[in-house]
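Labels A, B, C, D and E are assigned to the chains in the order they are written; within every chain, residues are numbered from 1.
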């Protein structure tokens, strides 16, 4: 079988490695994945990167490629969803009901709110949107510590640098150093979506089969194990 | 060149970058000089280990360096906690942390340059100074230091340039807080992460280049002046 | 130390890193030497510009450097397309591209070290060689080159170390393809991006440190041997 | 002022094992190239820590390996004029000159500076960089730098080698004054017998790291066999005398040495002052009868004490002239013609101008 | 073999404007420290490109600013012994020595190497690093390096300054042979009149960048006033003679100069060979009557030609001895006592051993 090359957002590594192992086992097909920032991957595809399939961490970079006709439009779909949660380092921190009027500033005290960089990192963008929707943004806008990735934000919380952080549920679940104290209402932010598509340049005859596999129930458990929501 | 007009936030990033780079460069100078001296002249057990340690920030991916800084110098880190309590020096989420990250990243470059110059110094001149009554410290100040000026300048240039371009360790260690830790490099990085951010990234990149070039030319002038005086006799 | 046992993929990354770092270091050597020579000795219009250009990879955030490389040396880039067609040298998404990225990132470090050493060379020795009938090229080979060996070694060390730690430009330019462009540093970065990756990152980091330390100690031994022979006479 | 040096050291295949003492004044280190003179001077300066030995200056133990005493270089305050100039390339000539002076405190006045600068003829170089100096200029500045550092002891390693005779003739009297007035002990390495004869009270002959001979300059310089570094043409005898009187009209000085009276070119020393004269064997002529109508002013009656074996057609004749030992070099042909043998009474003829330095 | 040098150049405040020519052999550059000797040699070597001037060797235009010709240093093949040794620190002594030899091709045989190494006494140093050499050893290796490069012209800047007399006495005959056998022109900077007198055919006296006097060594060295760099004690006259015969028993050589016959220490030259003798004024004694029973073997009858003004109690008497000019330095007292004036017939007395170098 032909090799299938996946360009995928770095946060998908654990889940996708497992899916790929399963795909290899079942089809004896060859698959390789390159994990990096969605931005870098999109630009590489633009410059002729050897990707057959692109899985972005947000819609923006998929849209970017779609506009340039670099993906096969009919192959595009939303693969995964995620939830945004509030985490705390303190084991004794109580649950927080995330809603409009929450005294987030009070919770933070003189600490900072760790999250992905609000302009660039997808989780940061979602987080900012949610806070704005809930009217909490003005209160914490200058208290935010924008990290280079969700993982870094999580680290800031687990190291006690920041009392609270906004991260994906998938990340929070896997880190015993932090406690999930609240989940953002699903309607408070644009849906967190990991879109998938076959690139326009893809020549691998197995790309479509792989795409089908990833979207099939056979792959779903691996994503769910990492805390992702598998979208239909 | 309206396109080049900087927003207030961008101006802040420029000022911050210059401050961070300058502070990083200057504050690492004494320790780098000491380390270079020890590596060039010292003979002791564990010298290889020290040498390795100095090169660490180069060998490790910047993100890892940032993690390590966070672990050590963060609010809860052993050194960070100590400094915060006893010296009142706080790094986390402060521009000082950005400067620390840049200083650490530039450290191996600074040490190597200085070490190279120290190793090239003719020890016989130091001997001559000693016969004239100069103590080791005085010899260092009046003979060694002027003679290694090219290495010091080179080290400072590399450290400054590195600080201008550093974002991996910085953003990991102290995040990306506009006006506090968002240096030009971090701002550029941020731009590259959003579709359509290319123009902004380009603009900031040009600014960064212009600033660095100015610093570079200044350094060359200084180095040339120093060299003119130390043509080997 | 079962924990340290490396998977096949990790072994691949180790081998790849060593290859990339070595090739990056060696292939940039001639150009770096030439550039250092020109900067140290040349007097020409545009020297400042060349100097600035050399420092660029240090000044720019690695992501930007990687992006510039992608634009220039990518399959569709002007240089990349030319080289692929006429020389058969393809960088994009190959380990050669990773080596190119590392070479570019280490270039300013290499040039600075060499330049520092070249500037410290006693030109009178070159004059002496000329009176003995040595042509400029022969003088360079038999006098200048041996005398600047410390600078060359230092430059190579820095370039190698930098190549071991480089991931920003690499991952941006040639992505993160296991067995092809996934160097240790890139692999470490990948681990840091996922939950539970810390152990893996730590393991690879230790490997990277061990490898680099070995290279470092080797370089020190070489440098010491060179120095023993060139004590200023 | 006394200096005691004892050193054992090994570098590479070279081994030094030398000891000498001097009671102040100038001690000349004499020896062939590579015999260990610079090594010994480096040990005295403290730049080389010997495997064993000691250095005692005026009862002050500067170093003693047995007692594990080692005064660091900069506390010794031994001025050192290196064989190569070793000027500081990043400082001007002026700054080089005052480098040690400044450290020595206010000990040296500005007039001292002016005096040394003038004597060395480096006044017009003060603002220049050492890299632009000529070889001799560099050596002069190095000399000035050491002199101005107010040293307790001066170590000079061939300080005048790169200088022309005229310049040497200006500097030597200064060194003589330094020796006589300040009584700073000086250890002086030189290949020039003329310099050594003029300056040194003691001569230490080094050969392959060992002291081959050491003692009064008068004694050592009269035994050329001891000093392989000395070309044969420099052999001679050193005699001591007292200034008797000056003949101002003819610019001559009469010196009494034992029972002899010697006429030498005018010397600026008061009557009664001790004077050392080195009389090269090649400058002494012998006559069996007292010659008449010759220009040489010194005709000293004496007796042959001994004759050295002939070498390359010439031999050295040792004379006793009124209590002074003189050496005359003559050809074997002359010896035969004049029938010279021990006990023969002869006249030693020495030109006055041959005694000028 | 002829060399023509003309150079105008300015460095800092120093200005050189000198020209001289020589018809091969050794040309001595003589001048005080800082007079521009090294600068001139650097210009000849091509290390310094002068503002103007030209260098012509044997009709071959090496450099000519008017015609914009400038042969690069390495194509000139001018061996250069620098004032400082300038050994390559990264090479062993052996590699230093053969550096130029290798480039010169197979021109030099291994026996040449052995010969030079032996003559310089550096055989035991071959595998050492230059940094471990003594000053004199370094200078000898530098000398050997230049000699072995098979140069067309040798530039030597005080090559023997750091050497002891005994070593000099070994090297000088080698240089003489080089001069006589290979006919390589040599430009020789030295402060030693003895060296210059012995080696040089021509002397160029440099003062403050200008040629103050230039010409036959015999002429220039007899006019000490022209050579301020020469101490007065080195004044004298150079006379030319032919080897007449050898007295092997007494190791003497008879040299005919004009109408005079001089006995000098044995010289290794066949009868008929030309020989130059420098007779220092201080070594010449005058007598109004022919002395008897003296050891000096040379008693030359002559006539006083002129007397220089007295200086510090002595004066130089110029004699004509059978067609040779001689200079004798005597005290004013002797002149008065002997009543010497131009025209007075006198005998010049010169010891044979005084003519030994």
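Quick note on the criterion: a contact is a pair of C-beta atoms (placed from the backbone, for glycine too) under 8 Å apart; a residue touches a chain by one contact, two chains touch by 3 or more.
Here the structure is a predicted model, which means the values were calculated and not measured.
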Among all the other chains, which ones are in touch with both chain B and chain D? none
Need the CA-centroid distance for the pair chain A / chain B, whole Å please. 35
Need the CA-centroid distance for the pair chain B / chain C, whole Å please. 20
Here the gap between chain B and chain E, centre to centre from mean Cα coordinates and rounded to Å, is 60
Touching at least 2 other chains, the residues of chain D are 84, 133
Multi-chain touching residues of chain B, meaning two or more other chains, are 63, 67, 124, 167-168, 189, 192, 232
So which bits of chain A are touching at least two other chains? 37
What are the touching chain pairs in this one? A-B, A-C, B-C, B-D, C-E, D-E
The chain C residues in contact with chain E across the complex are 124-125, 127-136, 138-139, 142-143, 146-147, 149, 229-233
Residue ranges of chain D in contact with chain B within the complex: 45-47, 72-74, 76-80, 82, 84-91, 99-100, 103-104, 129-131, 133, 138, 145-146, 149, 155
Touching chain A in the complex, chain B uses residues 63, 66-67, 70-71, 74-77, 92-93, 167-168, 171-172, 174-177, 189-197
Inside the complex, what are the residues of chain D that reach chain E? 11-12, 31-34, 37-39, 83-84, 128, 132-137, 139-140, 157-158, 161-169, 191, 193, 228-234, 247, 250-252, 263, 265-266, 281-283, 285-289, 291-297, 312-314, 328-336, 338, 349, 351-354, 356-357
Tell me, which parts of chain C touch chain B in their complex? 48, 51-52, 55-64, 67, 108-109, 112-113, 115-117, 119-120, 122, 124, 150-151, 154, 157-158, 161-162, 164-168, 185-186, 188-189, 192, 201, 205, 208-209, 212-213, 216-217, 220, 227, 232
